[in-house]
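In what follows, a structure is listed as structure tokens, so that the remarks can point back to it.
Chain nomenclature is as follows: A, B, C and D, assigned in order of appearance, with residue numbering initiated at 1 for each chain independently.
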Amino acid sequence: MILVWLLLLPLLAALFAPQVEHWRADGSRWLSLTALGLQALLLLAAAGGGGDWWLESRADWLPRLGIGWHLGLDGLSYLLLWLTVALGAVSVLISWREIRQRVAFFHCNLMLSVAGIVGVFLALDLFLFFVFWELMLIPMVLLIAIWGHDNRRYAATKFFIFTQASSLLMLIAILGLAFAHQSQTGTLSFDRDALLRLELAPGLAYWLMLGFFVAFAVKLPMVPLHTWLPDAHTEAPTAGSVLLAAILLKTGAYGLLRFSLPLFPAASADFSPVAMALGVAGILYGAKLAFAQDDMKRLVAYTSVSHMGFVLLGIYALNGMALQGAVMQMLAHGFSTAALFIVVGMLQERWHTRDLRQLGGLWTQLPRLSGFTLLFALASLGLPGLANFIAEFLILAGAFQRSWPLTAVAALGLVGAALYALLLVQRGLWGGGAPAPGRHDCSRREWLVLGALALALFWFGLHPQPVLDLVREPLVQLLDAPHHAAESPPRLPVGSWL
Amino acid sequence: MTELPVEHGLLFAAALFCIGLVGVLIRRNLIFILMSLELMLNATAFVFVLGGALHGNADGQVMFLMILTLAAAEIAVALALVVHLYRRYRSLDADRLEAMKG
Amino acid sequence: MAALLLWIPLMPLLSSLLLLLAGARLGERPVALLGVGSVALSALFSLAAILSFSASDGVAWGIETLPWFSALGLEVGFSLHFDGLSAVMVGVITGVGLLIHLYSVAYMAGDADFARFFAYLNLFVAMMLILVLAGDFLLLYLGWEGVGLCSFLLIGFWYRQPENGYAARKAFVVTRIGDVALALGLLILVQQFGMLNIQDSVDQARQLWPGSDLAGWVALLLLGGAVGKSAQLPLQTWLPDAMAGPTPVSALIHAATMVTAGVYLIARTQGIFMLAPQVLQLVALVGAMTLFLAACSALVQHDLKRILAYSTISQIGYMFFALGTGAFSAAVFHLMTHAFFKALLFLAAGQVIMSLHHEQDTRRMGGLLRPMPFSALCFAIGCAALAALPLTSGFYSKDAILLQAYAQGGAGFAWWLALAGALVTALYSLRLFVRLFLGDCRTLPEPDNRPLLCWPLGILCLLALFGALIPQPLHDVFSAAPQAHVPLPVHLLVLAMPVIGLVAGIWLLLRHRDWRQAFATGALARWWRAGWGFDVLYDWLLVRPLLWLARVNRRDLADLPVQLLVWTSRICHQGLSRLQSGRLRHYAVGIVGGAVLILAVVL
Amino acid sequence: MIGAAELRALLPLMLVALTAIGTLLLAGFRRDARLAALGYQGGLLLTLLTLPWALPEQPLEVTPLLRIDGFFGYFAALFVLVAMAVGLMMQRQVRSKTSGERVEESYVLLAICLLGALVLAGAQHFAALFVGLELISVASFALVAYPCGGRPSTDIRQRNSLEAGLKYLVLSSVASGFLLFGIGCLYLDSGSLAFAPLPPSTSLALPGLALLLVGVAFKLALVPFHFWSPDIYQGAPTPVAALVATLSKGALFAVMLRYLWFGALQELETLVPAVALLASLSMLGGNLLALRQRDIKRLLAYSSIAHLGYLLLVLLAIGHAGVAIEAGAFYVLAYSLTTLGAFALIGCVCEAGDEPDYRLEAFAGLIWRAPLLGASLMLILLSLAGIPLTVGFIGKFYIVAAGVDAGLWWLLAVLVAGSAIGLYYYLRIILIMLAPQSEPSGIGGGRWLVYGLTLLLVLLGVYPLPVLQWLPVL
């Protein structure tokens, strides 16, 4: 029941946002905050169950097609749900002053998207998962398209088409699984538990795995499927960027962990070298592009590509350390990149430009804000003591045991990170900027948000144990899955007439 | 009576059909286009008659009658429209009908 | 004792946090009190620790304070380790650090960002202490990157001049290259032992690795890290630029403490290096090369602080040389003495620069002997120690290095280089002193003799002279070097070398004007002055290609295929729409064409 | 042999026929649009209500021509509902513009179209196919050209409808010619007009089937036989366009399903390359044509070309996939529902003013002008794009399922590509709709029909189970 309410709360908030609007001006903001707060309470209530699934909720939906309503909560989803709630609240708070028109509709979309994300993190029926997977996108597209910056339509369209097209491939793969189940047991089923028991032919498994992988890789994003991200992140309003970077990208990684790896252990094992290589490519390429940017927000966007490259590398290193590192990186990237986007948003709000060529010397005028910027930049270059360091070290340590050359190359990403992060500091904060009077430093609300994020980064950097413990159990199960390699080289299962 | 080889009949029908088709393609006057259509329909009708004769069952003839009725109905509507066309454009040139495109 | 050890790094850390958060609101006096007081406290604590440590017949303390994290297959804790080596380092850091803090109170007085300065400086001390006290490689790495960060922040302290920012970034990035090597080394350890505790993993390595080339790899990667941090070949280019920071920073970070972290690292992991003699030889070679090259560069520099920077590189080169030849204790010994006299030189230089209104170019100095006798005295002592004239601390340490090196490896190429280096060192020390204090006065100074400036200098003078007498409890850290016999001629040679250099220098610099010209404007001199052209080399090899890549691919080539698809579909759309001509007969043609197509496909 | 059971089974057809005649007579006595509409809707409602009672438990062959079974029942119900919706749209149109046009007969024609559709739904014989098809065609010629009646004026609506009517008539007659010739060949070959496997001795079967395919492809507006559809959609009155888009295509698709289902599978094997070609061409061509189209009705025409392309997957899968039939049946429902919604919405947004404005810009800022309508439009477009929680998604899901089950991987790839292109222009309309408020233009009546259809569209998208139970299965 808790799970259902976790889903319902944001939906209700989205539903009533317009009505509340009539009673008081910023009613919708408070409504959203309340919904998120209640979710947090529910999460507290849900904590610490035993067994593979702490909580589960099952119901029939379309039995004729073997489609059921099946939600489940375990450590991994629990962690990501917390991330969702926290950053959902953050994005409400930071849009307090930025979003001025159509506030109700804005929060409507925000909450809808949050609901979709929560669903994605909970769904255990592939059909249901797919439904949520698509649902969380539409509101996000609207967020970008309505409240975005100059080039928002292009960005929104690109984002929409990339994600939808890739998820169609996933739909095909899902159906392939379902029919494989039918051919083996005689009944269609989309339930994860049922599909886990399948014995797939290597070729088929490989292609289906690719279907899933592409959808998740686009969302992750993985080079070279990342090109939607810089546009979407740059054009979205700050809250949108935060939601995108902090949570939406994680759904891709989550999908890999929850579905792609367990459903196709052998195929994933075969595929892992390629995936790791792509991850490394992402790390370096993202860093390089970030280094090349003049637009602050675009720079941050490309750092996401680099960081999520680490996640991909960690996931496909397929050992405990790396997987824990990957999850840690999801969390750390969630905080640090969101924080950077927020800071950029604040700077833009004060300076009406994000162009590093025009900025500079901010430290003189906004010491507090600049301090935060510095801190978050350091976090994203993986300074020890901050969360990102733990993540990246674990990922590298794990990946090193799979393939040391790839890891050696990936480690160069650390230098790249230093390059772009310090470039941001040097060009944005330092240097002699023209003193522009009347720029107010952080307001109390901004201070609160940034301080909280900074605290989180320090906390998980110095005491990551809670996170590692949360995800240990699911990851161990994941790794215990049989890893028998595919016998025959993968072939396309040809249709009747082709 | 002598047995008429099916192939000949079929070829004849096909020829008629093609003539009608070509007519539709090349004539610009709507009346002629309609006549060509009639030709095509009758060609098909002939095929059915042929079939009926070949297999000695009535279905063919039935179809033939139906096709004739169809032709009549179509022409009825068509001529009404042609009248309107003439009223509007003072010509029967089919190529005048190109307001909608793209 | 555990609590005591814990508080040594914690004091400055807390005060720096306090200063970062609230410093802007405090006045200068409380800030200074906080900044200096914290360091003084940790100095006291460390003194106590050292005393009680040497009292307890030098048994190393390992202290498991808190677990950091335990992942699947890796356990890491905030464990501290305290032995003779740490004792020496802690002593140097807190002692010299305290003096420099005191000095900075006067030096930075009136700066708008007084609080920020002390926040950074305290943070640095804390990180450095963590680095040397860490009992776990990951904690060491934390300190390692932490000091790098502080050096970045302090080099760029006066952030309004863009070149400072550039120097800061260069320093961080270049050292980060080394750090990556270090990190990779740690990854190997993780893979092999599944833990990162320094002592245990070194012991493990001692037991498991003899014969395997793993030791070689790890040692090589650790060396990479050390080379980056300690500005040795080939990563030495960042240190001269790092002089953009305030002078006390140069004294503390870029002379006395941080840059010696590499030496500390190698000394700390000597167990592993011992297993890889070839790497050890490489260390020696790197050291020797660096010390000679840097000495030559120092000989021809004009900028006062750059001279000192190059001499720092060269002195650390001596330490590496010592490490490489197995003279570990000598290396650490020189580390300490060098900390003393180099800090002395920098602080004195700071005083000179201040009184010349931030003039750093030695060509516009000279004849300062009369107006600033105290500084002259300090410089004289500092240069003497630097040149290793007998009876100074530098003399003992450098002697120890050269003799032990000879005893271990005999007179190899590296050894002769080191010897030559000693000569050049004497030369440039002399040149420095002459440039500043003799000759005719070019810029009129306003001597600044505030006690806070002078007292630390005085103490450092004493240390530079008699620091060699401070005992070093290193005997049970390093396996004692076997006492081989060093023939008397070698003794004499080593003893004489600085003196020869001095005499030669006097003869050259005072008698032969044209040599001075040569120093100023020779092709060779210009080459050396540019640091043997390493900067240019790297500029062409790395920086420019990277910038070029960044420029050509700013708009992300990976987006092209997408654009191409969009473009093609637009073209197709236009083409198809054109077919939609609106003509009845064209449509009929469409039908017929389609019919033909289908018939063609089917039949 | 017609007995009581047969008569009872035929009841729906007879009721619809009676409705046509009755409406005609009503119009003859009193020319009153309301009354005609009333008679029409009443008759259809009666048909719908009696349908469950009329359906026999066992499939029943009424004469060699018709077969009344679950399949017939499902499609009959669907078509009647569609016809009622179209009737409602037409009624609204009458109310909206008072040009003194006489619209009573259009209800008669609608009823005749429906009759044809029902015949097709039950047809198991080429004669029935032919009759049903031509009933729909001839009636819809008249309907398309209907507005051009009355004295000639410069009214664009008149001119376009005349042009559309003539084009439709001529082209569709040509197509019927091909169709008939094909049937003739098959008849010549097998000597029977019933839907049944052809005897092996087939020299003429292939050309016959090919020509048949040509005729069908034209009626379904598949590339390259699609040229007529945009012009017809644009020229015809909106309700009639909806009719052509849903009823005639749906009915023809139903009869094709039946034909292939009844044994013609091995013939299909030989046709597969051709059908696959048509499907791919339509999926890509339709979407590409719609890409930057500025007229909403033409855009819908193109998008429906693409949708029929998707639908062809079912025909190809029918031999190998168990779900094929129900997939096809459901997709027709989803497609009709969504398309009707779209046209109804066009009716009440674009035809509000006295001069209709079919440019996409007509929707600018709709969501701020009329939030509910805007939401409906968004849902309708999402349904066309096949996004979850809309009936369109379930439909697409079914299609993909059929394709996967039959292993039509390449066609699925094309489908993905086509949908990707499609997303662009659906989203484009949404973005236009979200654009800041443009010049405030009024909203016509008939929004309740839109809301109803949208609601249905969402309900079936979330919980299609009730319908799934009715789906005919192999």
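By definition in this document, a residue touches a chain if its C-beta (ideal position, glycine included) is under 8 Å from a C-beta of that chain, and two chains touch if they have at least 3 such contacts.
It should be emphasised that the depicted structure is a prediction, and the values quoted were computed from it without experimental measurement.
Shared contact partners of chain B and chain D, listed by label: C. Counting only chains that touch, the fewest steps needed to get from chain A to chain B is 2. Comparing chain C-alpha centroids with the centroid of the full set of protein C-alpha atoms picks out A as the closest.
Counting C-beta pairs in contact across B-C and across C-D shows that the higher total falls to C-D. In whole angstrom, the spacing between the mean C-alpha positions of chain B and chain C is 96. Inter-chain centre distance (chain C to chain D, centres taken as mean C-alpha positions): 78 Å. In terms of their C-alpha centroids, the spacing between chain A and chain D amounts to 42 Å.
Per-chain CA centroids place chain A at a distance of 38 Å from chain C. Of all residues in chain C, those touching 2 or more other chains are 577, 580, 582, 584, 588, listed in ascending order. Residue numbers of chain A whose C-beta contacts span two or more other chains: none are found. Annotation for chain D: residues 166-167, 170, 174, 230-231, 273, 293 touch two or more other chains. Going by the touch rule set out above, the chain pairs that meet are A-C, A-D, B-C, B-D, C-D.
Against chain B, the residues of chain D that register as touching in their complex are 126-127, 130-131, 134, 138, 141-142, 145, 148-149, 152, 159-160, 162-167, 169-170, 173-174, 176-177, 180-181, 183-185, 187-188, 191-193, 204, 230-231, 234-235, 293, 295, 298. Chain C makes touch with chain D in their complex at residues 569-570, 572-573, 576-577, 579-580, 582, 584, 586-588, 590-591, 593-595, 597-599, 601-603.
Remark: chain B residues 6, 10, 13, 17, 20-21, 24, 30, 33-34, 37, 40-41, 43-45, 47-48, 50-51, 54-55, 57, 59-60, 62-63, 66-67, 70, 73-74, 77-78, 81-82, 84-85, 87-88, 94, 97-102 touch chain D in the complex. Listing the residues of chain D that touch chain A in their complex gives 269, 272-273, 276, 316, 319-320, 382, 385, 387-389, 393, 397, 400-401, 403-410, 412, 415-417, 419-420, 423-424, 427-428, 430-431, 434, 463-465, 468-469. Interface of chain C with chain A (complex): residues 20, 24, 67-74, 138, 141-142, 145-146, 149, 152, 156, 159-162, 164-166, 168-169, 172-173, 176-177, 179-180, 183-184, 187-188, 190-191, 546, 549-551, 553-554, 556, 558-559, 561-562.
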